[in-house]
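Next come the structures, one after another.
Below, subunit A partners subunit B and then partners subunit C, in two separate complexes.
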Partner chain A sequence: MTFDAIGIAGTSLTVHRKWLDAIADNLANANTAAPTSGPAFRARYIEAQAGPGTSGVYVAGVREGDAAGRLVFEPDNPLADAEGYVRYPDIDLSEQMGSLIMAQRGYQANAQVVDRARTMYESALQIGRSS
Partner chain B sequence: MSIAPIGPVGPAIGAVASPAAQGATGTGGDFAQSLTGAVDDLQQLQSTSNQLAVQAVTGNLDDIHSAVIAATRAQVTLEVAAAVRNKGIDAFNEIMRMQA
Partner chain C sequence: MLDSVTSAALTSALDGLSRRQRAIADNIANVNTPGYHAQRVQFEEALAASVQDGDGRATATTSLSAEPTRTNGNNVNLDTETMSNIDTVLRFQFATQALNAQFTGLRSALRTS
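And now, the complex of A and B:
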């Protein structure tokens, strides 16, 4: 690896981008109703894993939330069953918003690492160039 | 009051000169080789950066940051290569300015 700090921060940027994608999917489907005969939308959670040595962080896989969701009594909903219940995904909006902020801040922090690393390498090139 | 005698200079010069002599004999073509290798690496980095830039403007890019990181890497590597080249040329010019 030529410039390791930049590469490591790059892997972390990818992980945070995927986390952001997962949160976007969860938020988009937070109000997706499903009939009680089938599963509800399953929330997606990114499983991060440290790479070997100092190679950064990687997405090991995507875990899915509970398929049972929560049953809501909505007799007017066309998807409602005979007793008037539909299935909503078990997604906590406030929790997702908190994760959204964490993903954003993590992405920003790693972008800063790339920037600072570049500045450091450039200042290394200035050594002995005073004349 | 006594003046301390100045020690022989010979061994000191030998100690300084011997590593340089070893380096000259053992690693004759290494500077040229490493410079060529660095230029090859730089070319690869720049072609990767170009590919990612094309993907970015054509909408085939998954990660925005990968294009920017590749461009940053290529830029820093180019600066390092230019600095090494300038140092080499400076040393060469310094030697050429030597006069008896």
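And now, the complex of A and C:
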């Protein structure tokens, strides 16, 4: 209650960090092949939701990408099935890179809010102090 | 002098500004949240009217921004919010200093008897 703005920005730092983690994981696994008998790597998408009143933001859930992925003909791949196919995740690299920039900028914006809120509360602590 | 119009007005201003700061923090926290509408805190007009009436107390009101939304239903403008954030911090510091000056005057009045 007392130092609200810092806590509110803090909730958003958490959400953006989780988003960045998910994107990093998605990008790292963009070329992870899997045998056609199993599911492809499933990309994770963070779903953010505003808290009630002015209570910041939280992660409402995680949506997962398509387990079917896309089939690629790679007969030399040790994971290939009898017809020579492997399963790759269906991850849109440009979409992930776009989200990466949004998550990064969102994180930075909230880190600055923490800094400015601190300045404000420091000034509030000076009230009534004789100079 | 303790509950003068000036003191009451400065306290109301600090209250309104800290509410605005909280709203801005919430707006920036939700800059990427789909469907979120920015909040606006107003108190200046109410405070000016209250000072005019010789009271100095005013409560802040919160409303939702009617600006057009982006494709994800969000209408937070990071540039506006950042400017408003800096503006609010400076105004808050200004009000704090004014209130301190008020208290300093009061303190010296108590000493000179």
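Assume the second predicted complex is superposed on the first by the 122 of 131 C-alpha atoms of A that agree within 3 Å, B and C clash if a C-alpha of one lies under 4 Å from a C-alpha of the other, contacts with A are read in each partner's own complex, and residues count from 1 in each chain.
In the analysis below, a residue touches a chain if its C-beta (ideal position, glycine included) is under 8 Å from a C-beta of that chain, and two chains touch if they have at least 3 such contacts.
In this text the structure is predicted, and so the values were computed from the model without any measurement.
> Have a look and say if subunit B or subunit C is in touch with more residues of subunit A.
Greater contact footprint in residues on subunit A: C.
> Where does A:A109 make contact in the superposed view: on subunit B (first), on subunit C (second), on both, or on neither?
Touch status of A:A109: second partner only.
> Between subunit B and subunit C, whom does A:R17 touch in the aligned arrangement: first, second, both, or neither?
first
> Just subunit B (first), just subunit C (second), both, or neither: which does A:V57 touch?
second
> For A:S123, decide between first (touching subunit B), second (touching subunit C), both and neither.
second
> A:Q49 in the overlay: touching subunit B, subunit C, both, or neither? Say first, second, both or neither.
second
> Classify the contacts of A:A5 with the two partner chains as first (subunit B alone), second (subunit C alone), both, or neither.
After superposition on chain A, A:A5 lies in contact with subunit C alone.
> Would you tell me the residues on subunit A in contact with subunit B in one complex that are also in contact with subunit C in the other?
Overlap of subunit B and subunit C footprints on subunit A: residues 6, 9, 129.
> Quick one: which bits of subunit C touch subunit A in the complex? Just the residue numbers, please.
14, 18, 21-26, 28-36, 39, 78, 82, 85-86, 88-89, 92-93, 96, 99-100, 103-104, 107
> Can you list the residues on subunit B that touch subunit A in the complex?
Contact set of subunit B toward subunit A: 41, 45, 63, 65-66, 68-69, 72-73, 75-77, 79-80, 83.
> Report the residues of subunit A in contact with subunit B in the complex, numbered from low to high.
Answer in residue numbers: 2-3, 6-7, 9-10, 13-14, 17, 111, 114, 118, 121-122, 125, 129.
> Mind listing the subunit A positions that touch subunit C in their complex?
Touch residues, subunit A against subunit C: 4-6, 8-9, 11-12, 15-16, 19, 48-50, 54-57, 102-103, 105-106, 109-110, 112-113, 116-117, 119-120, 123-124, 126-131.
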